[in-house]
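Each of the two complexes below includes chain A, the first together with chain B, the second together with chain C.
Showing the complex of A and B:
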């Protein structure tokens, strides 16, 4: 009888932020169109390591499973990516699964990406509408602006661009490419542009755009193909213009 | 004066809209969500949002949107509120536009509209094929702004366990569990708005996200909050089969001209592109010449089942049909459908611009939900409101595509101010409720956790869940037969017995997802029975509810809302009339103009 095909998986486990990390190995039954999420679910249904030791299910974040909620970012074979779209057949085995390293660890593969949401607050990543009552239509937007803005607004806040950025480290609080790109998005919108200078001022503070060292890892790690380096260049130009103007006028 | 306080549970479109409205009224809001709200299931909505703006000069009107919605829902929806929703829809689009949603535009810079199922008009505004994501982000940004101003406090990573109901039967707050510390706490509020989404997880695999378990609705049901039209579940005709999830392939693919077909010859071996036109069976176009590929979802889903199971014409004998967009110019596809085509490409490694997609129906939407009144989203328990997919009001027996986003935002927009008004008018607010009431609820929930953590059994929660999903998908989705429904109910009850012997493979007290899932599973089993028993009782066919033994709609016996109640720890089905005061029911058929 043919042996059933197995999938070898190594998972970095850590019971909590202050606990020691360890690796566990699993051997799972292969199935067609298997992804890393299915591996983690199979382990949860039968939490036994490859050498037969009982263990606990692995804690990880996931939700939509179609790469649009941004939850399941992790390191898979050393690469920051979404677990749902990481197909087993396209991965070298044993598949190494680790939590992202640039965010505080919660448990196992789950990390805390609150820093990104706080950064969105800092740069005022919103259109300051007067209220939700009926005020008629919004401003006209040319298809050209829409076609530039829409890809930027596809950002799922997964954090992969921060994970791969050498400038995101324990020595500074760099907000990262995703946030800078959001500044560009809101400054591009006709209403959002009214608060452009405020956003630019915010992105020039500590941990702001000046921390970018142009490694360009971000744009390659983005699962949504957002032109992050283009965003950084544009926001950088605007920020310098504003700073210079302030210095001249000041 | 007393400062009222409102809690919102759920951070999808409906919950966020309710939050914004409460914050605008100057009332503090606590917003609870299992996931960071920006990761809520609303992001999965793809195709668009409906409003009769008549932007294409086709003579579309609010009345036509209203009629399409009622007719599409097979006359089961209470009509006045649906009419209000259709009236409000153009204003909702304007609001989203003002919030900066990157809707697709016409050359003039106006919003572009496309066609969707169940209508003959271009009525659907869209942002590529990720409209839900774009709308959710717009509301998320507005909530973040209110949060930065201190008006909203978020509790992300907290799950709702139970409502706190006082001796007088009024809701005074909630009991929730922090998913990291696993700490159980109560939070007081004068009114609570639930916007907890659909219940796809009950069917195992669906197009829904992981958090869409219906657990909150089921918990409320067991506290005396009525649940309406549970048996009405929408199975979407076109999804990509998968082991973990059935990924949606939006109706917008057909709205932009996509065609559904199978080879006429069941033994066909050629690649789809080399099959000549004459040997392709465009069954929707042939069977429904007026609406073609854009018949409502229940109709398309049944047609696909007929092709596969009766006509035996599934591709390669498999449960699959082609959804073909290869004839549409690549530039149009990338501008209008890129988001969904990328999903197909990423998860199957095949480019749908070149190769027709293989799709099959999947559980998609929960039409039924928490019973709310026809006025202001209030449930039958004072202080509990519901909005969005978790309630039952807007879609009758079948939801039309692109009506969900509008119903979420409209419902949330009503629930917010209604909860504020209720809270302000209370003689005595939650602050007057003795702390013993809160303590008792917290203890009840802690004891439940403790019991699960301590018990020694042989059952695994994921195994029980998979079995539940299998039985529900097989017997309680597209085709319903009474003896199978009885059998399904028996199986669910057996699973409930097995649940008592559940063994948690994780007993730690930090970020224990197994414990949380076990809690949700217990609730899913209850809601599964509400769905199944509702389907068993309803001996007719209406919208998405189809019984071959009762193939016709029966307005004499069944033009009524199912209202399930929890009485003495048992499910009791009651019925109430549907408000049909505005449009007289008429036969629903899509093979001709209505």
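Showing the complex of A and C:
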């Protein structure tokens, strides 16, 4: 019967980066349109495991609940995805929930994605519009460029593309697809293009675009459907032209 | 504002060189090698003529080391280094590209080991004067034969997938459509090289010369 339907959830818990990890199992009351975040909220409301043992609410990041803020990325049944759009009815049970493995753990399901923010700073992922005097109006952006740029601007820095990338690991400081795609976005903009060579130089630095090995997992994992492999190819083309032909033809 | 260094990291240049050497000269040499060896499909004499032609090129050692061996050693050696810095995850994410990523590493290693052995038996032991009879004799050994087949298939796959990687990584195939086309081209090259390679092996093993019909006075 519908009212007795239960949802089985297993959550990987870890009190801190140096603490031992353990699994906790929960049995939650099923609700229509239930997603993984609702499961975590229900646990917070009544933090009791399936065996009736009292525990603590689970630490996790989430905010918008509509796949737009990028904070609730985690491993659900072993796959990197947004918890808010992971619907319980479409998941095999027990639902295994783990923190992302490629970022430093904070606690339970919360990870620190500062690496991505630092990488965005490294490639100057912004358009400089401030000056010591009035710079006036910027150049117009053609509808063509707007159309190409808009999907790229949808990036929510969730980190799923880094999580699924075989080249992002403890031996390799690869910045990942999201950052390369932002280089493309800001180089595409006529004002942003003023820093194009700097961005390209940065993305050819340590852990840069050269670390991409074309496994193309990123484009499958992106919750926003960003054409990441296209971005990588385009930035790659601009990069080698600057690096290998720059000294010849300027 | 423009204080940032514009010089790319050494790892960038090495990765680009690794990618480039895979096509030129290593891939191009594989094509040349298969083409020359196809002479066996015509006749043993034709094969011996073609190989003697190659064995007597001027500056042979310089060409062998500079255009074939050193680029191959770099491509293979740096390839292993790249492999060690990656961490495959096909069990969690079994997508085609991810499988290619993994297979590219194993076929590269197999091809590298095979080429080393191939050089030893067909180049070193024969003092660079290998003939049809030498190769045909090696093919009589069933273990050699298996290794030949495995080596040919691994090299062909590695080149086919490598062409796809190359076109994507240099931005020559940038759009999704272009990358799909590049994938088809890579698959075609892989299959074509495999077929030709196997035909050459059959030719040596069974003294089979289907193109002998081209010869004028049979």
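Odds and ends about this structure:
We take it that the second predicted complex is superposed on the first by the 237 of 250 C-alpha atoms of A that agree within 3 Å, B and C clash if a C-alpha of one lies under 4 Å from a C-alpha of the other, contacts with A are read in each partner's own complex, and residues count from 1 in each chain.
Basically, a residue touches a chain if its C-beta (ideal position, glycine included) is under 8 Å from a C-beta of that chain, and two chains touch if they have at least 3 such contacts.
Just so it is clear, the model here is predicted, and its values are computed rather than measured.
With both structures placed on the common chain, the touch criterion links A:51 to neither chain B nor chain C.
In the superposition on chain A, contact of A:237 is made with chain C only, not with chain B.
Of the two partner chains placed by superposition, A:92 touches none, neither chain B nor chain C.
Once the two complexes are laid over each other on the shared chain, residue contacts for A:205 go to chain C alone; chain B is not touched. When both complexes are overlaid on chain A, the residue A:64 reaches chain B alone and has no touch with chain C. Shared-chain residue A:186: touches chain B; no touch with chain C. Contacts of A:106 after superposition: chain B is touched, whereas chain C is not reached.
Of the two partner chains, chain B is the only one touched by A:136; chain C is not.
Among chain B and chain C, the chain that touches a larger number of residues in chain A is B. In the superposition on chain A, A:117 makes contact with chain B only, while chain C stays out of contact range.
Overlap of the chain B and chain C interfaces on chain A: residues 128. Those residues of chain A whose C-beta lies close enough to touch chain B in the complex are 15-16, 31-35, 37-38, 41, 44-47, 54, 56-57, 59-71, 84-85, 87, 106-108, 110, 113-114, 117, 120-121, 124-129, 131-132, 134-138, 140-143, 146-147, 149-150, 153-154, 156-157, 186, 189, 191-192. Listing the residues of chain A that touch chain C in their complex gives 78-79, 128, 164, 166-167, 169, 171-172, 195, 197-198, 201-202, 204-206, 208-217, 220-221, 227, 229-230, 232-240, 242-244, 246.
Per the touch definition, chain C reaches chain A in the complex via residues 1-2, 4-9, 11-13, 15-16, 82, 84-89, 92-93, 95, 97-98, 100-101, 164-165, 168-176, 179. Of all residues in chain B, those touching chain A in their complex are 17, 20-21, 24, 35-36, 38-41, 43-44, 91, 94-95, 97-100, 102-110, 127-128, 130, 133-134, 137-138, 141-142, 144-145, 147-148, 180, 209-211, 242-245, 247-248, 335, 339, 343, 346-349, 413, 460, 462-463, 466, 505-506, 508, 510-514.
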